[in-house]
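Labels run A, B, C and D following the written order; every chain starts at residue 1.
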Amino acid sequence: MALPAAFHDIAKRVNNWGRWGEDDEIGTLNLITDEVVRAAAGTVRRGLRVPLALELKEDGVQTGMIPGRVNPLHVMVQVNQELFGPGTVATSDDAVTFGLQAATHWDALTHASHSGRIYNGRPASSITPHGRSAFSGIHTARHVVSRGVLLDVARAKGLDRLPGNHAVTPEDLDEAAEFGRVTVGAGDVVLVRTGQVRQYLAGDKHGYGYPSPGLSVRTPEWFHARDVAAVANDTLTFEIFPPEIEDLWLPVHALDLVEMGMLQGQNWNLEELSTACAQEERYAFLLSAMPEPFVGGTGTPVAPVAVL
Amino acid sequence: MALPAAFHDIAKRVNNWGRWGEDDEIGTLNLITDEVVRAAAGTVRRGLRVPLALELKEDGVQTGMIPGRVNPLHVMVQVNQELFGPGTVATSDDAVTFGLQAATHWDALTHASHSGRIYNGRPASSITPHGRSAFSGIHTARHVVSRGVLLDVARAKGLDRLPGNHAVTPEDLDEAAEFGRVTVGAGDVVLVRTGQVRQYLAGDKHGYGYPSPGLSVRTPEWFHARDVAAVANDTLTFEIFPPEIEDLWLPVHALDLVEMGMLQGQNWNLEELSTACAQEERYAFLLSAMPEPFVGGTGTPVAPVAVL
Amino acid sequence: MALPAAFHDIAKRVNNWGRWGEDDEIGTLNLITDEVVRAAAGTVRRGLRVPLALELKEDGVQTGMIPGRVNPLHVMVQVNQELFGPGTVATSDDAVTFGLQAATHWDALTHASHSGRIYNGRPASSITPHGRSAFSGIHTARHVVSRGVLLDVARAKGLDRLPGNHAVTPEDLDEAAEFGRVTVGAGDVVLVRTGQVRQYLAGDKHGYGYPSPGLSVRTPEWFHARDVAAVANDTLTFEIFPPEIEDLWLPVHALDLVEMGMLQGQNWNLEELSTACAQEERYAFLLSAMPEPFVGGTGTPVAPVAVL
Amino acid sequence: MALPAAFHDIAKRVNNWGRWGEDDEIGTLNLITDEVVRAAAGTVRRGLRVPLALELKEDGVQTGMIPGRVNPLHVMVQVNQELFGPGTVATSDDAVTFGLQAATHWDALTHASHSGRIYNGRPASSITPHGRSAFSGIHTARHVVSRGVLLDVARAKGLDRLPGNHAVTPEDLDEAAEFGRVTVGAGDVVLVRTGQVRQYLAGDKHGYGYPSPGLSVRTPEWFHARDVAAVANDTLTFEIFPPEIEDLWLPVHALDLVEMGMLQGQNWNLEELSTACAQEERYAFLLSAMPEPFVGGTGTPVAPVAVL
């Protein structure tokens, strides 16, 4: 079964292969220039910091549906251990096992492939079980600091949370931008709020994952037209799930990661930010969302922070 | 064996227990006010971003000396897996096992205890093998964004790297501040460069860990006097190792974490930042160094970034 | 809340502390003598081998109810890796993270403590987060090879599976021994079949764990009277769950492990063995159920085999 | 670079593909018949049990040379936890992360491939990063109980340990069999002692791994001629390392696992067994060496026991 012609049409329009040279590994992160970052720092008015990561814990987001993407098993390896003898200073240490995409995370460009290719036309076979990904590993995305823009689609519609079958369209993004009186521009990291994470926060893990509102297959063109650097939202699957087009699974992943070379973020908690932006009446801010530099990683946990 | 009187004298002088109320769990992070962050954003002139984390990989910093503090075992759990059938979009996923303090990290306030106490006078026994730490877990340090200041002690002395037996003293910190024409103030996150991480980067892991230059037992008073919010450096042990005073192990840990309630960072790569600050002739910048919110964690990997 | 007098009465009657010296760490395993093993070898008539372990896999027995007791996360770290160059012999390797008690396992004597004590009167505090258990770690149980006896309680009653509220009593054990025309003796490893594991094998993990038939608080005396070396069964909790006596949780664990110093096995798959014993009309056999020697482990996965 | 003609010649002579049908997944384990096991039980005279596994611990065999094959990180997830309230019975639990081939283990038939094939001519590509090996996973080797034979090559030569450059030849095996007055036959599991594990037991991990005595490329024919079911020894690499023939790496792995379909065991501690067999003047015994049934595993930890 091949991907349908409709997919390939969009793919062609948003494709960035070669745009930053054939050696490029980071795609649209190239759009975050010093100038963009300077402007981002200029958006800070109050100095308010809003963290966007979900807690990392054994009873976390994952339900076992995705094999190997395990919640953190977080264990103590030392507890008040007096390493240098009784009565000395004691230390405690911990270790963890978890899926890099288990909670709030960035997908690396290598997280998805289609038709045997990853971003910039490299063979998907460059991702191996050992050595991990030879190109575009998450450690190559050295820094993600830019202007962040919240497109609060749910709030713009007067909803706490979009319904499970709602595909967020370009029109929805326009509406949210207008609601926030913000213009999305080159190098921006766009955060799209659906409110879906409220399901998880309220204790309904299964309801959180499925069915889920998410980005429509029509959104990559919208992001491409504005030269957005990265996009994150508050869902498990990023794109609407189950998909809009029967038997076309994960098309947004393929378009964003493979064709455009644009990082995607999932399971971001945008609730506190939604409140803060509404109160401040500002939807643009400085965003720092640094990848943990796992060499060759196809994803990374991230603890993003918005500074308003 | 009890801690010596000399230790307790300093402890009394830097103690912050109760300063932010008996319920406080975050200590000197309270000193990072909105105003400090606004000022930090104001230091951004070029928009340059300098990442400060070491790569996360199996062949990482740890040598096995500290039981349980293991380098990342980073594995693929899916490689180009066509989850929805042949010819569909494929995905790759990875998982990891590692010590939270294995590479570039923050110690939580709970990482150290002495005389049966952790920060704010709580019992050390509140750290347990299950449930982890009941108070001051790393997830309570919700955001670390502030003004960063690089005190480049090595460069100020015209050295690539301090000798292994060099205890960084208050006088050294003054010298480096003067060298950088910067005044350390309330809420600052201070980065102290010894150059020691060059040993690791050059492939000498054992030489990196021991013997190691690091902070003197006299520095906590210096940080306390200036109301510093957090301190990080480019060594494995943070403080000089082996210690300055015979049989007084980890006194700086005890003073910073337990008495002051001040986060410590270790294994930060300050080499690129050293070059950038020297070129820019500026040693203050916006620093984002967000903890990963492991619930009850006594430490966290961190991917800090300086924005100049 | 202290344990009730009724518990302490039984405890006194089955207590083995000091019986094999104050330095003993292995309890009733001392009852497996060379003579017992010779006799066990003599029970082999057909040479049939019946494995008793459940498969180890991510979708295993655990449901998340017991924190930290995680199903195997089994990952490949090398896949057909040509370590010595293209065209050379390739190798594949895997790694795993799991709870030692996650699937078919032995509890070490240290798995339970009560009133601050473990087997042989040692302090429970000898079990620590680092260094694990100083005494009676599973590695001290160097070999478990003996005569195995299947007490097929379910089959003796003409049932596939005992009801969830059925506490297996001494009378039930007598009935099953009579059914199998077998006399339980000193050094035997007794396998008690309830049929409960059929729930797990049929896909109902939650129903498998709760409610569950299991051993009655009255059985330790029965085992003690016969000088049994170890007992295993085909349930998650070993003893009936929820318990027979309100607010008296895990009394069988406390009596078997702490007082008697007798290994307990859980999640053993006795279905194939039940069929084999019925066909052979023999309920005694050679049993090998070797612990994996995790130093200081409070449990161990085990792959037992009955040889008939 | 292809494998040399000399290799292919031997391969042809020892090949067992199709011998037990095209659906067979277990190779020479088919040779362990009920009759062999009956005879094995008959070798038990004293009832002595000798365990053959090395301790599982963080400071174990692995040195980091083989990526991903990590020593056990063994951690406590519960320590004397009173799950049902203060004063109730407490429990302790542990978890572990380790390479399945990290210590005493069996290689599954899938551990090696050459020329794109695994045992029985199946494609090497049937081993995948997810789902692991579709055929001949270690769980298909349901039971390994048979007659064990110790060929004590070192003792037969009057040595504690063979030199690092000693390839154990068919002549050495004959000599050891004669020394032990034992005839290797169909279905036997042969244990070949080099004494090399003494290096590890004495604390020299690096010396243990390299250089190492081990089986010669000429031994597979010897095992094949006798219809041996499996072979294990007391080295890290099983075969002599570095290899006898320049640039022909791991030929014994390829011949045993791929061509013959014969399990290989490594890192077995044969020291205590060597002493016992010498004392008993018997070199054949009952051996139980049960794989842990990791579904699709390409190896397994094993805790073997010899019963004499």
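By definition in this document, a contact is a pair of C-beta atoms (placed from the backbone, for glycine too) under 8 Å apart; a residue touches a chain by one contact, two chains touch by 3 or more.
Since we're looking at a predicted model, the values are computed, not measured.
K.L.:
Hey, how far apart are chain A and chain C in touch steps, shortest way?
P.N.:
Tracing touching chains, the least step count from chain A to chain C comes to 1.
K.L.:
Which chain pair shares more contacting C-beta pairs: C-D, or B-C?
P.N.:
Most C-beta pairs in contact, of the two: C-D.
K.L.:
Same residues or different residues: which describes how chain A and chain B meet, taking over half shared numbers as same?
P.N.:
same
K.L.:
To test your reading of the model: what rotation angle superimposes chain A on chain D by C-alpha positions, in degrees to the nearest 5?
P.N.:
Superposing the C-alpha atoms of chain A on chain D needs a rotation of 180 degrees.
K.L.:
Counting in whole Å, what is the centre-to-centre distance of chain B and chain C, each centre being its mean C-alpha position?
P.N.:
Taking the mean C-alpha position of each chain, the two centres sit 45 Å apart.
K.L.:
In whole angstrom, how far does the Cα centroid of chain C sit from the Cα centroid of chain D?
P.N.:
26
K.L.:
Note the residues in chain C that touch 2 or more other chains, in rising order.
P.N.:
67-68, 70, 73, 75-79, 95, 97, 128-130
K.L.:
Does the chain-touch network form a line, ring, star, complete graph or other?
P.N.:
If you draw each chain as a dot and join those that touch, every dot ends up joined to every other.
K.L.:
Write out the stretch or stretches of chain C touching chain A in their complex.
P.N.:
58-59, 64, 67-68, 70, 73, 75-79, 81, 97, 128-130
K.L.:
Any idea which chain C residues touch chain D in the complex?
P.N.:
For chain C paired with chain D, touching residues are 1-3, 33-42, 44-51, 53-57, 66-70, 72, 74-80, 83-101, 110-114, 124-125, 127-129, 132-133, 139, 142-143, 145, 247, 249-251, 253-254, 286, 288, 290-299, 301, 303-305, 307.
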